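Below, subunit A partners subunit B and then partners subunit C, in two separate complexes.
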Partner chain A sequence: MSGTSMTTRAWLLMLPLLAVMIAVIGWPLIDTIHLSFTDAKLVGTAGNFVGIDNYVKTITGSNFQRTLVTTAKFAIISVFAEMVLGVLAALLLNQEFRGRTMLRGLMILPWALPTVVNATLWRLIYNPEYGALNAALTQIGLLDAYRSWLGEPGTALASLIIADCWKNFPLVALIALAALQAVPRDIQAASLVDGAGPFARFRFVTLPYLAGPLMVALVLRTIEAFKVFDIIWVMTRGGPANSTRTLSILVYQEAFSFQRAGSGASLALIVTLLVAVLAAAYAALVRKTAGSNT
Partner chain B sequence: MSALEIQNVRKTYGAVETLKGIDISLESGEFLVLLGSSGCGKSTLLNIIAGLAEASGGDVRIGGRSVLGVHPKDRDIAMVFQSYALYPNLSVHRNIGFGLEMRKVPTAEREKAVQETAKLLQIEALLDRKPSQLSGGQRQRVAIGRALVRKPQVFLFDEPLSNLDAKLRMETRTELKRLHQMLGTTIVYVTHDQIEAMTLATRIAVMRNGRIEQLGTPEEVYNRPATLYVAGFVGSPPMNVLSAVVGDDGLRLDGSGQVIALPGHLKGVVAAGRCVKIGVRPEALRLAAEPGGQPALQVEVEVVELTGPELVVTGRVGGQRVTACLPPRTWLEAGVALSFTFDEDAMHLFDAETEQALR
Partner chain C sequence: MLKSKRNALLGATLVGAFFATNAYAETTLNALFMAQAAYSEADVRAMTDAFTKANPDVKVNLEFVPYEGLHDKTVLAQGSGGGYDVVLFDVIWPAEYASNKVLVDVSSRITEDMKKGVLPGAWTTVQYDGASYGMPWILDTKYLFYNKEILEKAGIKTPPKTWDELTEQAKAIKDKGLLATPIAWSWSQAEAAICDYTTLVSAYGGDFLKDGKPDFQTGGGLDALKYMVSSYTSGISNPNSKEFLEEDVRKVFENGEAAFALNWTYMYNLANAGKDSKVAGKVGVVPAPGVAGKSEVSAVNGSMGLGITAVSKHPDEAWSYITFMTSQAVQNQYAKLSLPIWASSYEDPAVTAGQEELIGAAKLGLAAMYPRPTTPKYQELSVALQQAIQESLLGQSSPEDALKAAAENSGL
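Coming up: the complex of A and B.
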């Protein structure tokens, strides 16, 4: 079969998928871009063309800036904590001890649970009247009276970050554990004979094998954390006093709660652009990792 | 005082006993090769000496001091691994100096030691490279350098040449021999390659199933194998082994009924009626010019292979296989019947049951 007819056939075979992709991604995206240049409401008229007005208002508005800071705080702290916890858990689960296999299986559980289940579970734990956290802290004397962890602006974001960490550190731990098992035994033995202590062994033997996979996990988790919606929506809906409002929640509120489709679309596109930058970093990283293995 | 003493060392994994009481005493400057096939326990023994595995019983003494329970770094040993085991993100320079760096040796002293070692191994030009930028042979030199730089009492080598191609393996082998002769270091070297063992060792310990079959100089192991296993393991092609029964007139070969005269040095060692194994090295066989007083074998030639330096002839004596290594210019073809002779003292006898040498 000639090259040309092969190419034609390949395109023909891909056509159905391409058509579906255009229908569910391409067209809505173009429509969103169009919408973002109008003052359209969610229901009613198509709206008038307003140029880059929506973008200017969004970027210069205090709402967006505050939310961006909240999102960045959430993403940076939770991802950092997940990386540290994940690596520590992986190092622990890489040791030989009884029940290791069972523990490895159990560890995946929080990550495998649907986010809604996870979020509901943590709402119960944080409950100001009968929550387990309040009970535990008062019983051991660290707390005088029950608190509304999710109801106070000072503690809501931190409480959400803890819940998110609990859900997502197993993924990092799994990736790190797989990487740890790739560390050659001979190099570990050589470092023992060379007299390297635990920190030097981690730095010179383990980390070189851990760094690549961890970077991939870091970027993936950062993208996810930047887009976070479900866990926050179930636990606080962005409150109290917008203290846990992230970009995705803001987009939702703008488009659906306030029914401003035009500015909601511009906001969604800005978030998409931010995530695209992170995705590009991920792609570059994967290429670099693949390159260094050849 | 011995540089290394291994006293009744045992190792068990659950119900499996991988080392069944090993005793070796090594003088300073000796090159001991632990030789054996996979699973014989040689690497386990090396790991026990290094402190990477715990002995289940017995004692290991380095420089007269028991090192049981002593951390590998405090045993005054250095180890070279089959996979080189270089630190991937450190330069060759830091790889070589790593052990000294961890021991907090002052920078100037460390630098001097690294430079000297690099010069010795002719890898000065590679010092700034990362392991990934080196060839297999270069990596192994760096790994050897990392061991040499520390000047320990005992060097341990775990199949260090196995990952190299044939030509490089030979070159590195010669290099190792040169280093040993020059530095006079004490070395324990694990390999399954009997050529490496023969060429490098001052003493060889042939191991099998967690035991030492024979401990001796390469000459002893080759010329006076203590067991049938050693006779078959050392030498390439392996020693010919023929089943026979001792008769009044000599050794009667199973299958063919041929009788070989019992050499003088073996008379009185075996009584008539005893089942034995006759061992003759392929290189000891030669074509019989004329019937004479020497022992002879009537062989039907099956295959003739010219390897270059020699002609390897494979044939049968009755139902038993015989291989002979002849000079390359010998003219022979498959299918002929020939008479091979050998010197009386080239014949080895083993008990058919215990497989121990009869002397």
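Coming up: the complex of A and C.
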């Protein structure tokens, strides 16, 4: 079969999927881009063309800049912690011991929980009046009195990050654990015979096999963390004093609470652009690591 | 042969009857309520069951969301084209809902009997620009609840009549070691905080807007926030108030961990007679206090109404459901968690029995209800004020600066 007819056939086979993608992603995206140049309200009027007004107002607004910093903090810290915890958990679960299968199963549980359930759970744990965290910390003497974890700007974001980590590190662990199965046992044995210490073995034998899959996990988690909405909406609604308001919450407020669909769309597109840049940077990194492996 | 024909006929009749009943019960109403304060979910379900029993041709699908999701859910459903026939709406939304055509004008459907029977204050809940966008349903304001036992132990004879007296009494309770933080408020970054703030604004004789421009940053508006901050920093208010919603306040109060609490009507019977309440039988309620020389009592209009959405295909059935839910008979029957909108109900022993104290407070409180600003941009103003309140409580900003910033960010 010639190359051209292969290409034609491939395109023909892809056509239904492409049509669906254009319908559910392409069209709304174009519509959103159009909206972002108007002053449309959510309900009622279609709005007038206002040029790049929405973008200028959004980017120069103090809300956007402050929220961008909060989002970046949340994403960087939570993803970093999830990667470290995930790899450590995977290394542990890769050892031979009794009950390993059960532990592996249990580990997935937090990740399998719906985010809203997870958020509600952690809100109970952090409750300032009867929360489990306060009870535990006062009983072991680390804390004199119950305190408000989600009500203080100093601890609210950190508390959210912990809740997010608890939910999402299992995904990283799962990916890392799968990758660990590919590390050849003979190389491990050989390095042991050669007298390599545990750190050297991890760095030179295990890590090269983990790098690629971990990069994928990193991309996925960073994009997700940058778009974070539900866990924060349920736990703090962006408070106290907007110290945990992320970009997605700002988009929601602008487009739905304030019903300014136009400027909400411009904000949403800026967030999309930021995430796309991140994704592209990671994709380049993934290609590079994949290239160095082969 | 004849027999089989008869059977076939019988069968056809049965099938026909089956389809006929189906065709008969064909109107389905979708209604959106809240799962928070006022009537409980069980109450709303029971009222609705009574309605469908009386109107078998109408089926009502009920959906309950937390108050925090009520506005956005209503607007989003409308924006996406489908949605609800009947929605519960807060007193602060008719301006926006009317300008954006979320609700339909029902002024022509309101009868003379309704106009005469319903308390005048209740009507302000559903009106904007001279038109009515629904029927008032939940007539509510924030009252000052107190724990009689704790006040007695502290040697306090009468509950506070002014906000300064509240401060003094709370200090006395704190100094006697009865409670570390005697007052509980709902100051979470939410509408709840605005309701507490509005109560104080009304006490201090402040204004939200003057000629459509923010006016809360000086005078009574500023005094109200200053009172909140001093109550918070002096240690007489529960510091966790800044993450409390109304339900958190109720739990703290029911556990006997607050001597005073500001909350809606529904807390009275739950705290005073609820089986989970540790303070049952010890709950006192008075109108929120006033300020010497400025006001006797204070109150926020926290009422809510039921309206028909502009996208509803069954406005007539929706209206008959609304008139049923807001009827005096139904409201009198379920008057334990929310008080009726009907003036004569307050003299009806069936309504007042067992809650004379609440009715007494309601007569004064409901008459003093102060509105939050009526503007289509209310949501923006509210979010800006929530931030100002929290920043002042946390000491990130002075009340003056915080309110000035809120005025600038309010979009007005």
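In this section, the second predicted complex is superposed on the first by the 256 of 294 C-alpha atoms of A that agree within 3 Å, B and C clash if a C-alpha of one lies under 4 Å from a C-alpha of the other, contacts with A are read in each partner's own complex, and residues count from 1 in each chain.
Note that contacts are C-beta pairs under 8 Å (C-beta built on N, C-alpha and C of every residue); 3 or more make two chains touch, one makes a residue touch a chain.
For clarity, every value in this text was computed on a predicted model and none was experimentally measured.
Engineer: Assess the superposed three-chain arrangement around subunit A: do subunit B and subunit C clash, or do they fit?
Structural biologist: fit
Engineer: Tell me which partner A:Thr236 touches in the superposition: subunit B (first), subunit C (second), both or neither.
Structural biologist: second
Engineer: In the superposed arrangement, does A:Pro28 touch subunit B (first), subunit C (second), both or neither?
Structural biologist: A:Pro28 contacts neither subunit B nor subunit C.
Engineer: Give me the angle at the C-alpha centre of subunit A between the C-alpha centres of subunit B and subunit C, rounded to the nearest 10 degrees.
Structural biologist: Taking the centre of subunit A as apex, the angle works out to 150 degrees.
Engineer: Once the shared chain is lined up, is A:Pro208 touching subunit B (first), subunit C (second), both, or neither of them?
Structural biologist: first
Engineer: Which holds for A:Pro114: it touches subunit B only (first), subunit C only (second), both, or neither?
Structural biologist: A:Pro114 contacts neither subunit B nor subunit C.
Engineer: So, A:Ala190: does it touch subunit B (first), subunit C (second), both, or neither?
Structural biologist: The first partner, subunit B, only.
Engineer: Should A:Lys41 be classified as contacting the first partner (subunit B), the second (subunit C), both, or neither?
Structural biologist: After superposing on A, A:Lys41 lies in contact with subunit C but is clear of subunit B.
Engineer: Counting residues of subunit A in contact, which comes out ahead: subunit B or subunit C?
Structural biologist: Counting contacted residues of subunit A, the larger count belongs to C.
Engineer: In the overlaid three-chain picture, find the nearest pair of C-alpha atoms across subunit B and subunit C and give that distance in Å.
Structural biologist: 52
Engineer: Under the stated contact criterion, what part of subunit A meets subunit C in this complex?
Structural biologist: Subunit A residues touching subunit C: 41-44, 128-129, 148, 150-153, 236-242, 252-253, 256-259.
Engineer: Along subunit A, where are the residues that touch subunit B in the complex?
Structural biologist: That would be residues 184, 186-187, 189-197, 200, 204-205, 207-209 of subunit A.
Engineer: Note which residues of subunit B are touching subunit A in the complex, please.
Structural biologist: 47, 50-52, 71-73, 77-79, 81-90, 98-99, 102-103, 146
Engineer: Quick one: in the complex, what on subunit C touches subunit A?
Structural biologist: Residues 68, 71-72, 75-76, 78-79, 96, 100-102, 188-190, 239-240, 242-243, 248, 251-252, 255, 257, 377, 379-380, 383, 386-387, 390-391, 394, 396, 411.
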